[in-house]
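Remarks on the structure that follows.
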Amino acid sequence: MQKYQAIREAAYEANMQLPALGLVLFTFGNVSAADRDAGVFAIKPSGVPYAELTPAKMVIVDFDGKVVDGELRPSSDTLTHAVLYKHWKEIGGIVHTHSTYATAWAQSQRSIPIYGTTHADHNTLDIPCAAPMADELIAGDYEYQTGFQIMNTLAEQQLSYQEIEMILVGNHAPFTWGSTPAKAVYNSAVLEEIAKMAYLTESINFRAPRLKDSLIKKHYERKHGPNSYYGQ
Amino acid sequence: MQKYQAIREAAYEANMQLPALGLVLFTFGNVSAADRDAGVFAIKPSGVPYAELTPAKMVIVDFDGKVVDGELRPSSDTLTHAVLYKHWKEIGGIVHTHSTYATAWAQSQRSIPIYGTTHADHNTLDIPCAAPMADELIAGDYEYQTGFQIMNTLAEQQLSYQEIEMILVGNHAPFTWGSTPAKAVYNSAVLEEIAKMAYLTESINFRAPRLKDSLIKKHYERKHGPNSYYGQ
Amino acid sequence: MQKYQAIREAAYEANMQLPALGLVLFTFGNVSAADRDAGVFAIKPSGVPYAELTPAKMVIVDFDGKVVDGELRPSSDTLTHAVLYKHWKEIGGIVHTHSTYATAWAQSQRSIPIYGTTHADHNTLDIPCAAPMADELIAGDYEYQTGFQIMNTLAEQQLSYQEIEMILVGNHAPFTWGSTPAKAVYNSAVLEEIAKMAYLTESINFRAPRLKDSLIKKHYERKHGPNSYYGQ
Amino acid sequence: MQKYQAIREAAYEANMQLPALGLVLFTFGNVSAADRDAGVFAIKPSGVPYAELTPAKMVIVDFDGKVVDGELRPSSDTLTHAVLYKHWKEIGGIVHTHSTYATAWAQSQRSIPIYGTTHADHNTLDIPCAAPMADELIAGDYEYQTGFQIMNTLAEQQLSYQEIEMILVGNHAPFTWGSTPAKAVYNSAVLEEIAKMAYLTESINFRAPRLKDSLIKKHYERKHGPNSYYGQ
C-alpha cells in the first residue's frame, strides 16, 4: 500500500465529487485531506483534469506548504490550504471552487445575507466576504496571504472556524472546510445553493428581510445544538 | 411481507422522485404516505441520503407523531406531517422540499401571483405564503406549530386544503399534499415550475397583470371541473 | 400496418422530442402531424405521460376536430390544432408547449424583440404575443377560438404563417408550426432559446437596441433567401 | 489514410465538444482546425447535426476561403475563419458558438467587465464587444468582413490576438481562438462561464467594481507569466 494511502483516497474521492455536483468547470477547484498525526495533507495536482485523477496522483504536502511526496506539482492554492491546516487544528478537509453563484457573490464583494432556514440549517450568520487584500500582499506571497486574509476576516467578525465553515474571498471565489474532506465538499454544495437562493430572493423582493433570530436559532439547533434531533 | 408494506413502498417511491425531479439537494426534503385505515403514515428517516433509502427504512408514525414501527429516527419535520394528516381527512401524501425557486419566494415572504394558465391549470389562486410564526411558538414545539401555521393560513384566506394543495412557509420552504404521495410530489414539481415562471415574468415585465378571471376559470375547469376534458 | 401509420409515427417521434429537448414538464405539451391527402392529423392523447406513449396511442382527428380513429381522448388543445390545419394549407406539424422562458414572455404579455442574429436566423420580426381573448370567447369554445386568436394576431400584423412559424398566446404559452412535425419541434426549441437570450439581454442592458435592418436581412437571407448558403 | 486526416480528426473532436459542453443548440456553432504547413483548415460542414458528423465530413478550405477537399458545403461562417487564419499566423483553431450568456452580452452590445479572478486567470482585460458593421459591409461579403471587424476591434484597443483569445461580435455572438482547436473550445466554455458570472455579479451588486490591477496581474501571471506555477 502506498504511503499516505488513506488521505490520498479521501482527497481523490472528494475531488471527484466537485464535477459530480456541478461545482467546477474544467480544473477550477481543488480539495485537500489532512492526516493530523503525520502532519501532512493530500491535495489535487495543479491543472490536471478530474477525469485523469487517481489517488496516486495526489500530492502530499506538510503544513508549511513543503511537498513531502508525489511527482506532480500541487494545486497553485496549496499554501492557502497549508496555512489553514496549521492554524485550525480541528479541520480535516478544505475545498476551493469557482462555483457560479458563490463566485458571483464574491465578485460582488457582498456577504450573503441569511434569508431562510436552508441557510440557518448550516450557519447562524451571513456568509462573510473577505475584502480584497492590500496590493503589496497580493504581489508577495499571494496564496499564503489568502490564508491569513480568511483567518483575519473571521477574527474581525469574532467568529471561530467551527461556527462557520465557509467564506467568500472578495473578487475571487469561495473556500469551505470541515472535519473531513467529504464534509468540506458538502459545505461547498450547500454554499452554492444558498448563494443561488439569496440571489433569487433579492430579485423577487429587494426588501426581503433577514431571517429573524428565533428561526435562526431553532433551525441551527435542531441540527447542531445539544438537543439536536436531525439525522440518525 | 413487512407490516405497512404498501405505504412503505409508496413513500419510498415518492421520496426517490424528489432527486429524480431535481427538487432536492442532499437530504433537503421528505415525503410521507398515509394509511387511513391503520391511522399511520410512512415517512423518510431523518438525514439518510436518498441513495441509501429502502422501503424497510421508512418510519411508521401515527397521526399524533408517535413512532409505531421502524428503527430509524423519522424526519425532523414529522410532526408537521402528523398535524396535517390528523386534520385533513382526505389527503394521502405530503411533501416538503427546499426546491430552489419556491424556496426563494418563501424567503421573499411573498405569495406567488397567478400569472398564467400553467398556474391556473392547477390552482385558481395565488399560492399563499404563510407569515413566520411568533417567537414563542418557534421556541416551543416548532414542527407541530408549523402544521397549524399552514392550516391557519388557509383558514384566514377561506381556502380548503382541497382547493389548493401547496403553500409556502415564509422564510422557510414549500409544503405540498394530495390524495396520494405521487400526487403530492407532482404538486411539488409543478410549484417549482410555477415559481420559476413567475420570477421570470416579473423580471420581463414588472407590471405584468394577474391572469384574468375568465381564463383562470376556464383552465381550472377544463382540468378539474364537472365537465373536465383533460386526461383519460 | 395500422391505418395512418406514417403520421402516427411522425407524431410519436416528435412528441418524444419535447422531453428530450427539455421543453415540457410532465404532460405540459403536445405535437400533431398532418396527412393532407387524408385530411386528418395525429395528435398526442390527453394527459398521457410521454414515457407511456406509442404510435398506436396517437389519436386521429379531422380538420374540424372530430376524432376519426383511436381509443383515447385527444389533447385538450386539439381544436386549436384543427383550426390552424384547416386554414393554413401548407403546414404539416404543430407544437404547443409551456416551455419556461417562452411561457414567461407570454405571461408578461410582451412580444419578444429581435435582439440578435440567433433570432434573425429564424425570423425577421419580433415574435408576436397575442392579446388575451374576450371573456365571452374564453367561456365559449375556448380552444377553437384560440386558433382564430392566433390567426387574427398574424393578420393584424400583416404576417403570413410562412413568414413566422411561432407565436406566444398571451397569459398562456407558445405555439409553433412548420412543414413537418419535426420542423415545428425545432421551432419550439429555437423559440425557447431566443426567449431566454432576450430576457438576459434586457437584464444586462435595459436599453439594448433592436437588431438593425441590414443584419436582420442578411442573416435571414443567408438561411432562407433565394441565394441562401446555409446547410446542404 | 485520408488526406488532411490529422486536422479532420482534430476538427471533428473539437466540434463534438460543443454539444458535450452545452455550448450549442442544434447546429448553432462550428470549429475549425488549421494545418499551417499545408495552408488549409478543416471546418464543420454547414447545417449538419453534430450526431451525424464524422472526420470524413469535415471540409478542407484554404486561407482564402476556397474549398480544397470535401463533398459538403462548409460552414456559412467559413470566410471569417479564413480571414483570421490568414492574418493571425500562430493560431491553430477557431470556434464560433451562440452560447446563451455570451450571446446575451453580444446582443447587449457591451464588453464584459473583468469582475474577478476567474476572468483574470484567462485575460487581463474586459472581453471586447465589436460594434455592428456598417450596412454596406453587411450587404456585401458579410462573413469576410466579420473577420476584419474582429481584427479591427482588437487593433483599436491595441490588443494582440495572443493577449486575448475571445471576442463578442455585437448583436451576433462570440468567436474564440487558440493555438489548437481544443484550446479554442476551452476558451469558448470559459467565456460562457465568465459571461454568466458577470451577469450575476451585476444583478447582485449593480455597483460592483472592476477587479483591481494587482489581482489581475497576479492571477494572470501565475497561469501565464514567465514564473507561472499553475499546471504541470
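Each chain gets a letter, A, B, C and D, in the order it is written, and its residues are counted from 1.
Going forward, contacts are C-beta pairs under 8 Å (C-beta built on N, C-alpha and C of every residue); 3 or more make two chains touch, one makes a residue touch a chain.
The shown structure was predicted, so the numbers you read here are calculated from the model rather than taken from an experiment.
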Problem set entry | Copy pair subunit C, subunit D: interface residue numbering same or different (half cut) | different
For this session: Working from the CA atoms, figure out how many degrees subunit A turns to land on subunit D, in steps of 5.
Result: 90
Exercise. When the C-alpha atoms of subunit A and subunit B are each averaged to a single point, how far apart are the two points in Å?
Worked result: 33
For this session: Would you mind pulling out the distance in Å between where the CA atoms of subunit B average out and where those of subunit D do?
Result: 46
Exercise. Which positions in subunit C touch two or more other chains at once?
Worked result: 203
Exercise. Which positions of subunit D touch subunit C when the two form their complex?
Worked result: 25-26, 28, 45-48, 72-73, 76, 98, 100-101, 103-110, 132, 135, 138-139, 142, 171-173, 199, 202-203
Exercise. Once bound in the complex, which stretches of subunit D touch subunit A?
Worked result: 115-118, 186, 189-190, 193, 196-198, 200-201, 203-205, 208-209, 211-212, 214-215, 217-218, 222, 229-232
